[in-house]
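Would you mind keeping the following structure in view while I ask a few things?
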Amino acid sequence: MATFNQSDLPRLLRMYRRMVKIRVFEDNANELYLSAKMPGLTHMYSGQEAVAVGLCESLKSSDHITSTHRGHGHCIAKGAQLKPMFCELLGKAEGYCRGKGGSMHIADQDNGNLGANAIVGGSAGIATGAAFSAKFRGSDQVTVCFFGDGALGQGLLYEVMNMAALWSLPVIYACENNHYGEYTHVSEMAAGDLKARAEAFGIEAHTVDGQDVMAVCQLGESLVARTRKGGGPFFILLDTYRYHGHHVGDVNRAYYRSKDEEKHWKNERDPIIKLAEHMISNKWTTQTQLDAVASEIKAEAKAAVDYAISAPYPSGDEVGMHVYAAMQN
Amino acid sequence: MKQITWSHAVNEAIAEEMRRDDMVFLLGEDVAEAGTPFKVLSGLVEEFGVKRVVDTPISEAGFVGLAVGAAMTGARPIVDLMFGDFIFLTLDQIANQAAKQCYMSGGKLKVPMVVRTNMGATRRSAAQHSQSLHTLVAHIPGLKVALPSTPYEAKGLLKTAIRDDNPVVVFEDKLSYQMKGEVPEEEYTIPFGSANILRPGNDISLIAASSMVQVCETAAAQLEALGISAEVIDIRTVVPLDEDTLVASVKKTGRAIIVDEGHQSYGITSEIAARLGEKAFYYLDAPLTRMGAMDVPVPFSPVLEDLTVPTADGVTAKAVDLVSGAAR
Amino acid sequence: MKQITWSHAVNEAIAEEMRRDDMVFLLGEDVAEAGTPFKVLSGLVEEFGVKRVVDTPISEAGFVGLAVGAAMTGARPIVDLMFGDFIFLTLDQIANQAAKQCYMSGGKLKVPMVVRTNMGATRRSAAQHSQSLHTLVAHIPGLKVALPSTPYEAKGLLKTAIRDDNPVVVFEDKLSYQMKGEVPEEEYTIPFGSANILRPGNDISLIAASSMVQVCETAAAQLEALGISAEVIDIRTVVPLDEDTLVASVKKTGRAIIVDEGHQSYGITSEIAARLGEKAFYYLDAPLTRMGAMDVPVPFSPVLEDLTVPTADGVTAKAVDLVSGAAR
Amino acid sequence: MATFNQSDLPRLLRMYRRMVKIRVFEDNANELYLSAKMPGLTHMYSGQEAVAVGLCESLKSSDHITSTHRGHGHCIAKGAQLKPMFCELLGKAEGYCRGKGGSMHIADQDNGNLGANAIVGGSAGIATGAAFSAKFRGSDQVTVCFFGDGALGQGLLYEVMNMAALWSLPVIYACENNHYGEYTHVSEMAAGDLKARAEAFGIEAHTVDGQDVMAVCQLGESLVARTRKGGGPFFILLDTYRYHGHHVGDVNRAYYRSKDEEKHWKNERDPIIKLAEHMISNKWTTQTQLDAVASEIKAEAKAAVDYAISAPYPSGDEVGMHVYAAMQN
């Protein structure tokens, strides 16, 4: 456990709240899928909350992140609101992308989220470019590039890590090792030492327990600060786990991972429980207080879902809009 | 004849060819135990083992490149590319390496490989999982391109593809995996370059491939009720293209609508219309008409997505216009 | 007016836009000290420094992806892609990431970037360095595609591309870098979607882009000597396509040959022929005729390579046939 | 210097002869270009001879190699004849590829050369696939994948090295570090430690002086043997230098590398001179004998050039042939 004091309580509670928000969001999304209220399918972030929340805790709203197909958690951690998120998942006009992106392309430009991406590893270039641009523009913005262990298979990542290293770009590559890419274990997909893949390019790499939000936050804080001062790039390998299937429809998982394994992570390593226990055992808060947080968030989520369900779809005219940006110059 | 699903037909095609030729193997993401996310390949790893049903990392360019090298040296890979949209990642390998190898070597090297992938929207999968990108490969000499429209064709064309000594890309409509259709018990293949006249007619030719064939069949039935006789032709392979059958049809009917789920502009409907315009010019009674998908990235929202692809009603309305001369 | 080379015109366009807007920067292999292998960018690094003229590793997908991200966050990259053939390596970034970004985000994100690359054969560069691949990007909604044919256009279209808020791919014929042409002293841009009628005529329209414009001009001169009046139209941008100008021309002449250096099948000539066939149908006196590059990988041997691309003599002969009715 | 004995003389002489053959071939190719007898342009291998010759020495004719835009050396080292090579460079019908490939696509299928490649890094997939196929077919063939330091920028390489490592494929990745990719020094193109890039994937990597053909041969011999027995893949970083410009037209090079540097490599580290000196100082051979070898090869090359110059071009009909393979099954 990382060293946080009672004085850090506001921060810890903020992270706690955000993690719960993600969990509750995903439970609602799953429910929307199961009740056939959501078009298409979606990928749940549940279990990995400490990764997005812990790292985004040190980012400013003007800092950038890029996200993945499993992107709701990153979106919330970077400050998004639930209503436009649910609207987007349901293809409604008030969604962050006016319903055009959906779960796999949700973006929140106002909070620096450059978007989820349905191409595994596809946003590594975008993240590196955002970092290039920050440096080029003379801004101190930092970019965090979230991606899964499966994305280590994509050559693009190595191409851009090389450039990030050559040009000392302010980017942090955050590899969320949840041990699976779809239905295949990381050990069958990735040879050698994962961290060494970044180190080979001269990038300082760290490993951290991705279920311990305080540890993630502390590492993130120091690396974000160093990155902001020009000390980047960095690579972080975060050990984590997804509770649900690869996507909402992946229900029978026994052929690729055991129930025991799932139980172990849920019961022994849950990031929300771990943080709660830490705060309670230190008597910084009580279960009752935390329950209140959860209830409040559940109510907020329910309201957002209801809102989204009855929100209007975009009008048919919009289908031809936004193919090209309106010129501003 | 037995009725089986598209998935089943594809599975049979691969299993039969793997039994027939030891050099055939399967390669792709989650093709083994998982049998692909669409479960199309279930059971193959049990019969053929992990040596011949190979799960890869998420490295599309890499494993397509690996397949090219394997094909050049005696093996016959079938690459499973989970979504047609990922073909962009692999095009250097497909178009610069595989497609040109035979030509660049003066015929000394060959690349007998199949890339099996998919196409088709309206699955609410948004812009990066809904594209129909067959035009891109059709434009590159050295590749063959098949677009089956039924389980029967999915099996027959895939078997032909596997036996072909050239790189072949097969696009299956991802909404068709559960479609049922008649498939003979006995072995068969479908030759490339043989379009299929599904329904003869005299007033207008409806020309399509993949799922748009069903759209045209429905439209033809609607048109019959309106007293218009439509000929429906299933293209089957865009490279090689059975120009003769298409030209003969249009010479007879004097009119055509070419329907496709790829973007309309600079898409396969353009090529077909252009060829018909050259070869059947003196027989045309109305402008050759194209109906492709809208020229927009595929939107997620169902209300928008459904507007982007051709529908039977749309084809029927357009055909009525053309036949009645209202289009003039 | 001053006469300058194509290289010089491109160099001026970039320098002027870099002076005009601090956010514009150049990115690519050997763009700085070397000024590219074609020496087109010489001198820019001296004026703008390595911060704005950035040499990259040989990582086409990577630096195009980097440009997408830079463009999304306030910078305006011009990517130099040394050979058009390398575009295959970058298509996921161009077509899945850049092209769809604005649409997928409901208009909230934009990607103002230019990919400057080349096309054209007969340089004896063989199959992987001779392709004209503009059709591939023209098929993808969200991209704009320019094909200048003179130094004047190379400069004017590139400046427009740099100021555009969308991803634009500019293809230059790699044999044109030393071509000289008139370029105004004063600043100018050329709007996209405005085809240029280079030479008015009444008997047949010759429609082309890039170096095929010169081929058509030569053919038109030959035709004039034969008493045939050809209208020559330079397409300039295939996306957006100036359909109105092309349709008006063909309505007047009743005949057209569309010439392109990309492979003919499933290429841009198909789209243009198909559109003209739909919109000018009732005005046509002869089949719309296409002349693209042969559907073969580009061979190295000069005797073979020269057979693969359209020539002025070929266009003239075809035009004579069409006008005389011999084509019938 | 590696430990070769007088008993190895036949082998050393064979390697000497091959290196000279490459050097002489390139001098002739350069001359053909300068006298405008060769269409297009070409990339000279001069200076790097020990790499191709040293590694190919341990390969059988049935083993595979993949080559690069700078591919004449690999082609000769793997056993190609000069006549069909020059014919190919001149676009003649008797060329290895019937004139369709030219310098950048020269291949020699009968000797296992799967071809040069005009896409930097483009043959990494092919080489890995050839190795996959050898293992799949139960053959003991080994594949050597030649590529330059510049190709380290291509993501494809990392994708296929990962698979080669996961599946223990019989492939050797031979990175010819001649310090430049076109007009840019490797240090500006590649961050970190080059060898570590393979090691990160769990691939055993070695460095060797690429100007010392005996050292290259010895390392190659042991790695090829281990690869043949299933011990691969391996990665070799070979330190070497190209004497000419990036291509035949790259004459003024001062802006990217100094004349002194060029002189140093040519005078102090020439692979042909080094081997000659070793054999002569050990009194295994004499300068006169070696001169005779060179004269013989020069005569052979001249005859091949003359033959190629007067050889016929392919007939125009051939332009439409070979787009598709004739079916054999």
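Which chain is which? They are A, B, C and D, in the order written, and residues in each are numbered from 1.
Everything below uses one rule, namely that a contact is a pair of C-beta atoms (placed from the backbone, for glycine too) under 8 Å apart; a residue touches a chain by one contact, two chains touch by 3 or more.
Since we're looking at a predicted model, the values are computed, not measured.
Chemist: Does C-D or B-D have the larger number of C-beta pairs in contact?
Modeler: Here the pair linked by more C-beta pairs in contact is B-D.
Chemist: Give the label of the chain whose average Cα location is farthest from that of chain C.
Modeler: Centre of mass proxy via C-alpha means gives A as farthest from chain C.
Chemist: Once you find the CA centre of chain A and the CA centre of chain B, what distance in Å lies between them?
Modeler: Centre separation, chain A to chain B: 37 Å.
Chemist: In whole angstrom, what separates the CA-based centres of chain B and chain D?
Modeler: 41
Chemist: Counting in whole Å, what is the centre-to-centre distance of chain B and chain C, each centre being its mean C-alpha position?
Modeler: That pair's centroid distance is 30 Å.
Chemist: If I count partner chains per residue in chain C, which residues reach a count of at least 2?
Modeler: Those would be 56-57, 59, 61-62, 85-86, 89, 92, 96, 103-104, 126-128, 141-142, 294-297, 299.
Chemist: For chain A, jot down the residues that touch at least 2 other chains.
Modeler: 97-101, 105, 117, 119, 122, 152-156, 159, 162, 166, 188-190, 323
Chemist: Which bits of chain C are touching chain B when the two form their complex?
Modeler: 85-86, 88-89, 91-92, 95-96, 99-100, 103-104, 126-128, 135-136, 138-142, 238-239, 241, 262-263, 265-271, 273-275, 277-279, 281-282, 284, 286-290, 294-297, 299, 328
Chemist: Using the touch rule from the top, collect the residues of chain D that touch chain B in their complex.
Modeler: Interface residues on the chain D side: 64, 66, 95-101, 105, 107, 109, 114-115, 117, 119, 122-134, 136-137, 141, 155-156, 159-160, 162-163, 166, 321-329.
Chemist: Under the touch definition given earlier, write down the residues of chain D that touch chain A in their complex.
Modeler: 152-159, 162, 165-166, 188-193, 196-197, 199-203
Chemist: Could you please specify the touching residues of chain B with respect to chain D in the complex?
Modeler: Per the touch definition, chain B meets chain D at residues 23, 25, 51, 56-57, 59, 61-75, 77, 92-93, 96-97, 101-112, 141-142, 144, 163-166.
Chemist: Help me check something: in the complex, which residues belonging to chain C touch chain D?
Modeler: Against chain D, the touching part of chain C is residues 29-30, 33-34, 37, 55-59, 61-62, 85-86, 89, 123-129, 294-297, 299-304, 307-308.
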